[in-house]
Amino acid sequence: PTSLVETGQNRVIDASLTLIRERAKLKGELVRLIGGAKATTALLGVPLGHNSSFLEGPALAPPHVREAIWCGSTNSTTEEGKELKDPRVLSDVGDIPVQEIREMGVDDDRLMKVVSESVKLVMEEEPLRPLVIGGDHSISYPVVRAVSEKLGGPVDILHLDAHPDIYDRFEGNYYSHASSFARIMEGGYARRLLQVGIRSINKEGREQGKRFGVEQYEMRTFSKDRQMLENLKLGEGVKGVYISIDVDCLDPGFAHGVSHFEPGGLSFRDVLNILHNLQGDLVGADVVEYNPQRDTADDMTAMVAAKFVRELAAKMSK
Amino acid sequence: PTSLVETGQNRVIDASLTLIRERAKLKGELVRLIGGAKATTALLGVPLGHNSSFLEGPALAPPHVREAIWCGSTNSTTEEGKELKDPRVLSDVGDIPVQEIREMGVDDDRLMKVVSESVKLVMEEEPLRPLVIGGDHSISYPVVRAVSEKLGGPVDILHLDAHPDIYDRFEGNYYSHASSFARIMEGGYARRLLQVGIRSINKEGREQGKRFGVEQYEMRTFSKDRQMLENLKLGEGVKGVYISIDVDCLDPGFAHGVSHFEPGGLSFRDVLNILHNLQGDLVGADVVEYNPQRDTADDMTAMVAAKFVRELAAKMSK
Amino acid sequence: PTSLVETGQNRVIDASLTLIRERAKLKGELVRLIGGAKATTALLGVPLGHNSSFLEGPALAPPHVREAIWCGSTNSTTEEGKELKDPRVLSDVGDIPVQEIREMGVDDDRLMKVVSESVKLVMEEEPLRPLVIGGDHSISYPVVRAVSEKLGGPVDILHLDAHPDIYDRFEGNYYSHASSFARIMEGGYARRLLQVGIRSINKEGREQGKRFGVEQYEMRTFSKDRQMLENLKLGEGVKGVYISIDVDCLDPGFAHGVSHFEPGGLSFRDVLNILHNLQGDLVGADVVEYNPQRDTADDMTAMVAAKFVRELAAKMSK
Amino acid sequence: PTSLVETGQNRVIDASLTLIRERAKLKGELVRLIGGAKATTALLGVPLGHNSSFLEGPALAPPHVREAIWCGSTNSTTEEGKELKDPRVLSDVGDIPVQEIREMGVDDDRLMKVVSESVKLVMEEEPLRPLVIGGDHSISYPVVRAVSEKLGGPVDILHLDAHPDIYDRFEGNYYSHASSFARIMEGGYARRLLQVGIRSINKEGREQGKRFGVEQYEMRTFSKDRQMLENLKLGEGVKGVYISIDVDCLDPGFAHGVSHFEPGGLSFRDVLNILHNLQGDLVGADVVEYNPQRDTADDMTAMVAAKFVRELAAKMSK
Amino acid sequence: PTSLVETGQNRVIDASLTLIRERAKLKGELVRLIGGAKATTALLGVPLGHNSSFLEGPALAPPHVREAIWCGSTNSTTEEGKELKDPRVLSDVGDIPVQEIREMGVDDDRLMKVVSESVKLVMEEEPLRPLVIGGDHSISYPVVRAVSEKLGGPVDILHLDAHPDIYDRFEGNYYSHASSFARIMEGGYARRLLQVGIRSINKEGREQGKRFGVEQYEMRTFSKDRQMLENLKLGEGVKGVYISIDVDCLDPGFAHGVSHFEPGGLSFRDVLNILHNLQGDLVGADVVEYNPQRDTADDMTAMVAAKFVRELAAKMSK
Amino acid sequence: PTSLVETGQNRVIDASLTLIRERAKLKGELVRLIGGAKATTALLGVPLGHNSSFLEGPALAPPHVREAIWCGSTNSTTEEGKELKDPRVLSDVGDIPVQEIREMGVDDDRLMKVVSESVKLVMEEEPLRPLVIGGDHSISYPVVRAVSEKLGGPVDILHLDAHPDIYDRFEGNYYSHASSFARIMEGGYARRLLQVGIRSINKEGREQGKRFGVEQYEMRTFSKDRQMLENLKLGEGVKGVYISIDVDCLDPGFAHGVSHFEPGGLSFRDVLNILHNLQGDLVGADVVEYNPQRDTADDMTAMVAAKFVRELAAKMSK
């Protein structure tokens, strides 16, 4: 019954994209109606975890992160004073129904196209800019692809992670979460790629870095590089800056809820100092690899992921 | 901008229902194509938790339960030998995007109609029968309403719970998870309502029970009632049997992942003995109130909720 | 400066007893004022843990148990319908400041006299009857001593525990929590002593049982003894019944928050069936050995200890 | 029976104050007897948690913190060599029976007066100086009020916290734990108020700061402010220095046992560097907001709170 | 360097067997010296976990179980009064250095021969009888093989487990922990094989059961089978009885520390009732599949596994 | 039967040493065969925990640490690019069967000689150098003794710890884990002893430090000492450098799995910066005091201990 399955898949994918389009349109109209916003952060959840090499928990993350963003235990102001309850600062477009689409047998090529498509639907609604909640790191490729294609050129990428995620293939998977930045560089979607927090990298990781001209800042030299990293200027001469944060850039002491424990990482404040001082037009971002199944009993790392989202939104919205 | 919001809400609700309709249709067609199934269990997730009186974690349950149903640590055969990988035994229609709909400001009346509507969409696809994964217990009302209206008459309900959930109002909320069975009885959707596992009930709970002629079997007398409860015959002369399982019917020792700890509950085997020996045509069911935020570090109660779903599916599918 | 220390100890002990007396008097007056109560359960916390052979956590229990009794996640009605918010059913006299007294260097003899004294202060206020929240099991001796002396004669004791706690001495400590029932029997404060749930007992435990004529019902024979134990008639011809529940009478599966894990214990429902069917005038009770430091992340065993207190109160108040 | 309740409340409050007075007197006499102490740290527990906006667990803290101060796993010497077993360095006056007083229906005004009264009772016993173990942050107001009134003038306050706690009202509660420093500044009890570790502050928080001339050092600029903060000189020209530590000034990675997870906080060593280098006469201090219900399985944050108490005592005692 | 590796492997295997032989000989001599023992339980640890289909934690079990057997929180008497400190009741032969042997590249055939060889070394020392601590269930095959070969004939086996572990092959592994009882039956080492607690079994599991004439008692019918199972008589006309306990025969509520959560299992007391009432000469036993990495924070399931070992030892020693 | 026990002990000790000798010989031969290695790190597990003053869990550590070194969630390259799968970089000699030896009644003197003996057996196999996985800190004395005796002279020691472990006796135990460095200095096995991370030290700890000329760098002055500590040059003029890492040198936020929580410690990155920049010939090392029973649910601190082992191996092998 391939035809039956195919038509079914098309209709379910259409329905999914319609859901995203309608929500993006409503949020865009609302923000434009209130007026005064040059850029609004639009949350888009991508609950995708099957491209992970170890644990698939990150697929469960988006609803946990949302719940932590608005949970009663913290106020709705960002560190630099932006009010997240203002739809012009933060609007929510909801989740792509990834599980429902995959469960229909849709292959990864097509699924990743749906992800790119959804990001473009958000960007079509001026002044919405996509902030994607993962999901494992494989989603950064389709998201950066969409942002770059939509803006008509490459971006500069600030990538915070314990791993370079730049293998050509990992366990034979083209879309592996450990290869997303190889895909991005091959696609020409990024001019400069700065990787910060790296501390689990092998020969191939360094060679691929050299091959793509990646600026890899390893934790081994962080105390020396800190000064420069807390005064970055990116995006000039390209379409802007894209920031991708893998929660395991932090030392596991600060973030239990991750699949890979890599001791010797950044503190949360290290990351905020880099973010707050970064100069550049933030056109897209993602927060990936939070794994609720490895979190402490009261979802502490959900609050960590949520605060990354809140502070990125403050940076992106203007 | 009420008109803007309203049209936005309508379009998002339509897109949500379309998503459910398409998936139900595909699954129905698939099952009918293979042929030989009189009844197929169709999973429908309702990630709704705002009608809870204490904790809202149950909204996060559906993806955790699905992950546990198919997780590698157990095989795909039910205790009585049914093969869950056969789409004629178990098909998955996905989740209603409740958070996305609520976030648009849609009120509860309309939201509950979307739930009922979705259940009907599933039932329109012979031979699919709805097995709903909650979400808190407030969803049983719209689900039972849909099943009864669709079948054109009342059903007999077997309700396993620590609480009777039959207050007229709780904290003023018409749709409170503690009032769903008052709504059901007022609506005339149930002829007989048997409540088993009850051990947290006050005067109003008992009076409402008398008022609606509910057969309330409290844990205090379970050792006497066991014999009768393990030989139930339900659904004769009405449209069939509906089973609603609140995970907190179990003693907290067997199910940590619940919002309300009520010591002195049923064991998992007590519930299975009742289910396996029940005679009657199972036309609908739900498994509600699993709360991932209260579960042990390795999602043990997700496996408990998942096995309830698996054994209900074995009972319902034929 | 012994004199200084002594006078200081006296004055602190007096102040402690005054605090208990004032609270007991107020609660007694309140209950008598409302009228209609023959017996009111009065909670008395004894945060004492230094007589434990393994862990001292039980000293932290009373505030955790109180918080669980009134916590928002459960209603205030007992299984048989008594309303705990009615001061005639349940009144709270507060905690004996054990840590403050011990920290002054007061020895155990004197400390245990303060415990007995406090219980008597409660009993002086008709119709208050003492329900003590432990603390480790060493406190049952001073409590039973006070109840029996106050009523002028022995009581029958139903003692639920994994251990007989009837060593003559344990690690040389006269007041060890493993010797409290030897002290009680030596004192002649109990006619019949029934020990239920026993499953960790050595030769000395059995010999001491024979010596004191204790009816020891071990878990090995519980399925045979159940019938008799669920139809007990106690207290005839003596001053009434005293019930002492060590939370580790339960299987560790139902009660993580205990110092000693003894697999193969009672279920919570087993204990309630014995309690509900017991015929006799309940004149005093205690719930001991809950250890918050061994509890699950969300204080599940605090709810278990709290429900023992609630159901004992329902039994005692009339 | 208002008169009955009133007299009851008076007598219970008197008994409570007597208990504190007697213990303070004994400890004072003991220290004076040994001689040689200009200042002795006196621990006073205030188990109060109902003024919290989110979780009430901090009410359970004092006994957990005490147990951690003396637990066998660490020695009794502070980092700078003071011996905590010397009563002239550290004496314990015990807990104010807050639960017992509140349970009598005593309102917050009166309860906070009892807290102030108790602090004064401690200060009357030269050379005892109050180190209060919370309890939520609402208790800092009555404690600072008492210290300032007793010394006859304002103090300089060093306040370590993720939140400024300086709302005029929070959820309408005059005594909210989020308003204690507005109360303190209105009362004129503080000349300089330095707030360090702030990272969750909204417009009102900043406006109130400006209104009261508060020096607010946010985590955003901590790397720049560190140099100055590790060389503070306070208390000159006023009655001395008061230090208030909210355990959530630390990054949640270092302190799980708190109600509000605010990523990006101080490390324990950051705080000790500030404390050890501070020049000033420490006349009072508090350690608040440790929540045992959110702590790891083996009370790790109790050890964090206990070490704050130990090092503050080393600073205060001379 | 195959020759080098081979000679190395031989010498390491010889050294391992020498270690077991020497310890068994010493223990045997000691017991024979004291005299009066017809059968002494000899503990033998087999830390092997690589034949697991899901998690490999069971390889870490033996030292955790030993620590729990002797931990201070419980006394050293079994439920029926045997004193475990008596070397004639319980002697310990130590662990087979499985990791060291495997790490040398020794294949499974040879490794399993070392296991069988070690068991025979124990049995050579009259009156020692082997009680093996797993390790995953794959070790039951080499252990039963050794017992049966040593005694010169088949035994009757009582096998407590959620799974029948009787696949012909599982994931292609001849020694899979899910195939050990196929290996045993093929080898003719067992006459009767009773499997109790089964609740996760598919078509192949039932067919293989029929093929080998296995008596499979599923949890579905346990309430009916209980009577018969609590009065078993085994081992007549063969070389005796062998008992194999997979800790996951228990409901996960009683045993968190297992790889596979299968709700609806036995209680600990259910298993003890079967063990205590079993009539037969117990010639060997094993306790397998305890997984320390899935246990609660304070190793509760280690105590469960330890008590199985203690009660089996009481049964085996005479 | 002393003679029996003695001969038994001798034979078991011989068998244990034979096991170590055979494995060391095989690994040495293998490495020499491949060629090109001047120094190869050889892992040696010493599962010894009875010399701990508080908890004995560290005896369970070695298998957990090994499992974490090779677990699938991280790659096998060290931060500076060494490939751990190369036997010339890292070879494993297995565990000394400490429990089996102790259980035979062997006293500590003899046991510690077996530890020294085993280390020497490793060092006899050029180019193997010992990296010992503890076990509690008492094992550093026999290991350093063996290294120094084997090399024929003292070494310089870099000791990372919260405690100086230099008491003359602790609780009367000559081999206490709190006295290992007094034993080492008395034995003349170390010229310079640098202790870094110290933050729990009393008068005796400082006096013993002065007496032995120990360079004690306390956390109080770490920000000042960092510069010097990250540029150490050790081992000149003696036999090389020995590094001993007690996992509790880290702040408990980074390492839950330890017996003693001492807030205010080093971060993992602080330690790596010291290690990576240290100049000196590393001739031996140990990683001790990891306690699996205090670790988080998913063995996070096992990964911390494993990464210390991996980075030490990278430093030692050349």
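Per-chain numbering from 1; labels A, B, C, D, E and F assigned in written order.
Simple rule for what comes next: a contact is a pair of C-beta atoms (placed from the backbone, for glycine too) under 8 Å apart; a residue touches a chain by one contact, two chains touch by 3 or more.
Please read these numbers as outputs of a predicted model, since none were measured by experiment.
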Chains touching both chain D and chain F, listed by label: A, E
Rotational angle, Cα trace of chain B fitted to chain C, multiple of 5°: 120
Length of the line joining the C-alpha centres of chain A and chain F, rounded to whole Å: 41
Centre distance in Å when chain C and chain F are each reduced to the mean of their C-alpha atoms: 49
Multi-chain contact sites of chain F, meaning residues that touch two or more partners: 251, 253-254, 267, 296-298
Pairs of chains satisfying the touch condition: A-B, A-C, A-D, A-F, B-C, B-E, B-F, C-D, C-E, D-E, D-F, E-F
For the chain A and chain C complex, residues of the former touching the latter: 296-298
In the complex with chain A, residue positions of chain B that touch it: 1, 4-5, 8-9, 11-12, 14-16, 18-19, 21-23, 25-26, 29-30, 33, 47, 56, 59-60, 63-64, 66-67, 92, 94-95, 97, 99-100, 103-104, 292-293, 297-299
List of chain B residues in touch with chain C within their complex: 53-55, 199-203, 206, 218-220, 222-223, 251-254, 256, 259-265, 267, 294, 296
Residue ranges of chain B touching chain E (in the complex, touch as defined): 72-77, 79-81, 83, 251, 253-255, 267-269, 272-273, 276, 296, 298, 300, 303-304, 307
